[in-house]
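One chain, subunit A, appears in both complexes that follow, with subunit B as partner in the first and subunit C in the second.
For the complex of A and B:
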C-alpha cells in the first residue's frame, strides 16, 4: 500500500494509491468525452441513479453524466459562478443546484474539468429514477440541445417491494422504446450477448465494491465510507461499470483495504493516515462539494470516521445482495434502477440506516441535509427521530448544499458537529455508569 | 330546485373552505355505518374508483393560512414547501382521524416522501403512493397504469369489504363526467364573462368539490352557474390573465382576491386540476379501468408534474389557453420551493416570450400574509398590458 502526494496539486493533498488510480481513470474518461467529436464517438448524457452503462456501451456511446460534471465544478470551486449565471437567466434560487451548475456551465462555454469543451450530447437518456428533478433537468437540456431524448421511467418502490408490474413496465420500455432509439441514434445493432458480457463484468466489480464498503465493520475501519466512499463509488456509478477497468480498480482497492486491515490502520485522509478512531458514524445524505476537504477535515480532526452512508448507495444498493445478472439482462437493469437508494420508500430508508448503525456498531446517525435536494431531504427529520428511537444512539443534523457555496457555513457545521461528538461522549458515559451500577 | 343567490352559495363554500375539521366529510361518514373516507393530495387521483367502492374521496390541500402549524414544522427544514408540513399538522392534530386511507399522487419528491412518512407516523391507516405513467403508449404506460388502477381498486375493495363491479365503476365515471362538464362550464363562463364569475368565487365553488360527494357538488355548481348568469355585476377595466403554477400548494384566498383587485381578471388557472384533469367524457362502454387509463394517457391536462415527450409540444398548452380564453398575459404564481413549478417556469417563459405573450412571476406560500407586493406587481403588470394594447 502506498500513500502518496497527489501530483499537480499545490495544496499537497495526500491520496492513497487507489485514489490516484481512480483519478487517472476519470481523467482518461473526460479526455475520451471531450475528444468524442474528433474520434467520431457519439455521446449520451444520462444520470447516476439508473445509469444503464452496460446498455450504453452496447451502442458504443460515450457516457456523459451532468451530475458528475456539477460535482467536478463544485470541487473546483466553479459551481458558485455557474449557479448564479443560471439564476440570472431566470432559474429559481429554490431549485436543485446540480441543474443550475450544469446550465450555468453551458452558458459559460461548457468547459469540462480537463479544461476542454464538453461535447453536445447526441442523445439524452432520461433515466427517471428516484428524483423528480431529473425529468425537468432533461427537458431543460432538450430545449438547449434539441437532440433525441429517450425516457425510461422507474416506478417508485413505495411499498418496499418490486412488483411484476414494475418489472414488466420497465422491460417493455427498454424493448420497445429505449433500445430501438439507441440503435437509431448510434447506428449500432443491439446485441444481447454483448450486454450479457458487460453485466457479468459488472457483477464481478460489484462483489469487490461490497467487500470494500463492508470492510468498515472492522475496528478501526480501514475506510471512510462517505468522504472516501465517494472516490470508491466513482467508477462503478459512472462510466466504468461493466468494464475491465472497473474490475481491476476494485480488485486493486480491495487489496489496499486488506493491507490496511492487516496493519490495523484507519482510512487515509487528505492530511495523511487517520489517527485514533474515536467516533464511528453513519451518514445520511449527499456531501457538500464546494468545501469538500474542509468538511471532511471537521470529521477526521475529531477522530470521526464514517462507517456507512446512504449516499454511496445512490447509484446502486449492492450490499443487500443485488448483482447485475447476465442471465436476465433486461430484467436485471430494471431491478438495478428500482433498487437505488433514492427510489426506496422512507420506511425502507429508516430500516436501512437503523441496520447500518447496528451492523457497523456506529455511535449514531448524522444527517447532512442538502438544501436543494428534496429527494433526499424531505422526511429526513422523521428519519432522524426514527433511527434514534430504534437504535438508542444519538443522531444529529447539519445543513449544507451540493454545489452552492452560499449554503456552506463552516462555523455552523463545525459547531454542530462538535456538539454532536460531545453528545456521543455523554451517551457513552451514561452507558458506562449504567453498566457499573 | 330553489333559486339561490351567488352570495348564499359562496357563503356555504366559504364555510366548507374554512372548516379545517372537515365537518361535512365527517357528517357524511357518520350518516351511515360502514362508510369510509379516502384522503388524497394534489395533483390527480382517479376519484371514480374511490366513489365506486362507496367511499368519499376527500381532497387534502394543506392547512391554508388559518392553520397554526405547531408540530408540522418539526418535520421539515425551512427550505421545503409548506403543504407537507401543514398536512402533517392536520394529521398529528387529529383533524384527519376519521380518514380511513390516504393517497399520495406522483407529483414531486416531497409528496412522494410524505407517503412514506405517513406509513411511519400513522401505521394503522391505509396509505398509498399512487404512481402514474410518464410514458403514454397504450401497450407500455397504459398497461402499467391499468395494473396500478387494478391494484388500487383491489386495496379499496379490501378496505370496503366488498367487490366493486364494472357497473359500479361506470356509474361513478358517469357522475364524474357530469361533474367535469359542469366545472368546465364554470371555467368557460368565467373566461367569457369574468366580471360575472370572480376568481375567488370560482375557486371556492370548485374547492367545495374536494370535500362534498360528487353528486352534491354537481348540484352546487349548477346552482352557482344559474345564479352567476342571472346576476348583473359591473364590468371593470381589468386585463385578462391566466394564472399558472398553483396546482399543488394553494395560494391564500386573499391572493386570488388581490389579483382581481389589482386589475387582473383571471380567465384560466391550474388550481385543483383533479376536478378537470380528464378532458372530455370518459366512455362508459367497455372496460372502465381501461377507459380511465386511456383518458389519462391521451386526454388529460398538461402540467409541470408531467413529462412532455415532444419538444414541439412543450408548453404549447399554455399558449393555446391564452388564445382560447383571450388572455392578455400570464402570471406565474408558484409556491416557494416547488420543484415542478419552478423548474418548469423558465421553459414556459421562453415559450411565451417566443409567442409574444407578456408574463410576470412571483412566489407565495399557503400562509403568505402580506399581499401588498403581489398587488403592486400584478397592478403594474395589468397597467403595462393596457398600455401595450393601446399602442
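For the complex of A and C:
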C-alpha cells in the first residue's frame, strides 16, 4: 500500500495510502470552501472542539474551521506575519495566537492554504467547549461579518460527570435555537433521518480511530500518538466526520497500522521509519505548529515516541466508549460536545493522563505548555505534580506556542527535552541498581 | 595518571574541571566563551590542566608540609612566573599579528612609522609585564584580552603622541588582531613553560634545597592522561565530540551540587542566560526541574547589561547594591528594557544603590518563582552559577528563602561557577567505569 511521491519531490519519502487520501480530502475541501460563492454554497464557521459536523451537513453547509486555517498558516510559516498584523490592529501579545493568526489573515485578504480567498461565513456556530477565548473570537468575527451567530452553550464538567440535566439543556438548545437558525440560514429543512445516517458513518470511522490510537500500547508502538496523531485526528475532528471519505481514510490507516504491528515496526517520521524505541511518553498540551518538524525531530532523533496524548482528544473523547449514536441523534451530539478534553475538570484530566501513563506503559509525562493558550495551560503544573506522584514516573515541562514563531526557542526546548530523556535514563539506572542490590 | 574532564560551555564563560580517580578535583579552568566554543573549550581545558599541575606539586609536598611560609611563597611565585610566561607568549603573538595587519593603502605612507611605534608599544608592555605579575599586584581580570587590552590602549596613546602618529592607526591594528589572538590559545608546551617558570621562581625566591627541586620536578613529570571527557552547557551541541560525551547541563548541575554538598535536595543555578531550579534525590539524581523559557529576563546577562549601562564592572554591582538602605521596587527584569528601566529610575531621582538593590531583588524574585514551579525548596539548598558570587543577590535570596521556606541550610561554594563542569567530570568518571546507562565506556 505504498507509493512514492510524485517526481519533483526531492526527498524519497514513502507516502502511505492514508496520507495521500488525506491530502486529497483536504485539497478538495479547501476548493469547495473557496468556490463556495461561485457554487452557491452557504458557509458556516465553527470550532474544532465539539463541532457538530453531522448536523452542519444536514443543511448542506460547508464547514470552515478558523483554528485549522491558523494551523495551516503556522505549518506554512505565514502565521508570524499574521500575528504581528493582528498586534498592529491592537490585539495584545497575550491573546491566543490562533485568534491573532486568523485576524491577521483576514486583514491580509483572507487567502487560504490553496492560494484562493476564503469565503465570508453565512453563519457562526459556536458550540462552546472549555475555551473562553472562542466566545471572544466569535465576537470579533461577528463584528467583521455581521452574520447570524449561534451559541450552543455546553456546561463545563465541573463535577466530573454528565448529568441528564446537562443533556436536556443542550438538546433543548439544539431544538429551539440551533436547528431553526440553521434552517433559516441554509433554506434547508432539517431531516433527522439524514442526521442518523451521518452519525452511523461517524461511529464507523470512530471505531477505527480508537483502534489506531490504542495501537500505541504495542511495543514498539507503530504510531506516534502526538506528532503523527495530529494527522490522524484531522478528518474526524475536521469537516469529515460522518462522511464516506473519513471511513475510507481510517480503514486505510488501520490497515497500515496492522502491517506495522505485524512487522514489529515503529512509527513513520518525516525522516523515515524510526529505528529504536527508547522512550515512551505521554504528552499533554497542543503542539507547536511553526516548528512542527523541528520539534518532532527532537523526539525521534533521541528515540522518543509519544504513545498517548491529550491533544488527540481535543475534538472529542472516545476512550471511555463514546461513539456517535444514530438512535439518540440529538443527545449524542450533546454528549460529544460535553466530552471534549478541555471541557473536563482538572481531576478528570489528571485521571486520564495517569491512566495513559499506566496503560500505555509510558516512561513519564511531558507537558508542552502553550504560551498563549489559557484553556490548556491553567493548572498544568498541578497536573504534572499529581501525575508524577500517582505514577512514580518522572515528568517534565517545555514551553512553546501554537502558531507564534517568536515563542519557539529551539535551544531551550532541546535542552529541556534532552535533560528529560537523560533523567529517565538515570532513573532506570537507579531502579536497576536497586533491583540488583 | 588517569583524569576525567568535565567541560561546561556556558553562554558567558566556559569552565573545565579535572577529576582524579578518587573523585578529587585536581584542577579548574575558566575562560570567556567569546561565541567560539571550540577555542573556549581548549583554553578552559588547558587552564584546568595547569591548575592540576600546581595541585600535583602541592600534593607532592603532602598535607601540612606545604604550609610553611617559605613553601607557600614559592608556590605563589611559581604560579606568578607561569602566568607571566603565558602572558608574554600571547603578547608576542599579539605583536606579530598586529605587524601583519600593517599593510594596504591605508598604511602606504606610514607603514614604517606604525611598525616602529608597535615595536615601542610592545617593548614597553613586555617591560612592565613582570610588575603586573609581581607579588601583591592586582589584576582586574585574568583574561588576556582584559589585561593586555587596557594597557595597550594606554601605552599606544602615549607612543602615538610622541611619534606624531594618528592614534587611530594603532587602535585599528589592535582591533583587527585581538580577536584572532584570543581565539588562538597559548601553546600546549606546558612542560617547557613550567621549567621556565621554575627557573624564574627559583632565581627570585629563597634558596631551595635539592630535595625540594626534585619533588617539584617529579610532580611536573607525572603524565596526565585524559581518560574520558564529558561536555555540557549551552554550547555542548557544537562541541567536536560525539553524543555519548554530552550530558545535559541540568543533570550535571544536579550531580555537581550533590558532590559539593551531598545533602543537597534543591539547586538554584543562575547563569548567563538560564535560571534553573532543580530538585535532586539523595544520590544527586534529578527528580524535577524548571527553567526560564526563551526570555532571559533576570539572568546573569541582565546584570551585564545593567553594568554596561551604568559604566561599571559586573563585579562592582553587588557591592554598590549592598550599600542601599531602601531598595527600589522593580517589577520588570526584562533584559531588553533593562537600560530603559534604569534611566527611568535615575530620571526620577532614585539613588543608584537603591535601584541596584531593587534589581537584585527582582532577579531573585524571578528565580524564586522558577524554583517554586520546580517543587519548592527542600533542605539543603545549594546556589550555583556566576550570580552566586554576587553578595547583593545572595542577601536577597537568603531573605526570601527564609520568608517562604523557613530555616534552610543554604550552601554557596566559592567555586560554585564550576558546578556544571564538576558534574560533567563525575559523569565522565562514571562513564569510564561503565556505570552510566546509555553511555558506553
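Criterion: the second predicted complex is superposed on the first by the 421 of 437 C-alpha atoms of A that agree within 3 Å, B and C clash if a C-alpha of one lies under 4 Å from a C-alpha of the other, contacts with A are read in each partner's own complex, and residues count from 1 in each chain.
Basically, contacts are C-beta pairs under 8 Å (C-beta built on N, C-alpha and C of every residue); 3 or more make two chains touch, one makes a residue touch a chain.
Bear in mind the structure is a predicted one, so any value in this text is a computation, not a measurement.
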item: Partner chain(s) touched by A:399 [first = subunit B, second = subunit C, both, neither]; value: both
item: Partner chain in contact with A:189 - subunit B first, subunit C second, else both or neither; value: neither
item: Touched partner set for A:136, first subunit B, second subunit C, both or neither; value: first
item: Contacts of A:381 with subunit B and subunit C, given as first, second, both or neither; value: both
item: Subunit B versus subunit C as contact partner of A:429, first or second or both or neither; value: second
item: Touched partner set for A:347, first subunit B, second subunit C, both or neither; value: first
item: Dominant contact partner of subunit A by residue count, subunit C or subunit B; value: B
item: Touched partner set for A:411, first subunit B, second subunit C, both or neither; value: second
item: On subunit A, positions contacted by subunit B and by subunit C; value: 371, 381, 399
item: Subunit B to subunit A touching residues, read off their complex; value: 74-77, 79-80, 84, 106, 108-110, 112-117, 119-121, 128-129, 131, 133-135, 137, 139-141, 143-144, 147-148, 151, 304, 307-309, 311, 314, 334, 336-340, 342-347, 349-350, 363
item: Subunit A-facing residues of subunit C, complex; value: 234, 237, 247-251, 274, 283, 285-291, 293-294, 373, 375, 436-438
item: Interfacial residue positions of subunit A with respect to subunit C in the complex; value: 371, 381, 385, 388, 394-397, 399, 407-409, 411-412, 414-416, 418-419, 422-423, 425-430, 432
item: Subunit B partner contacts - residues on subunit A that touch it in the complex; value: 89-92, 94-96, 99, 126, 128, 131-133, 135-137, 139-140, 142-143, 146, 149, 151, 153, 155-156, 158-159, 165, 168-169, 172-173, 176-177, 345-350, 369, 371-372, 374-375, 377-382, 386, 399
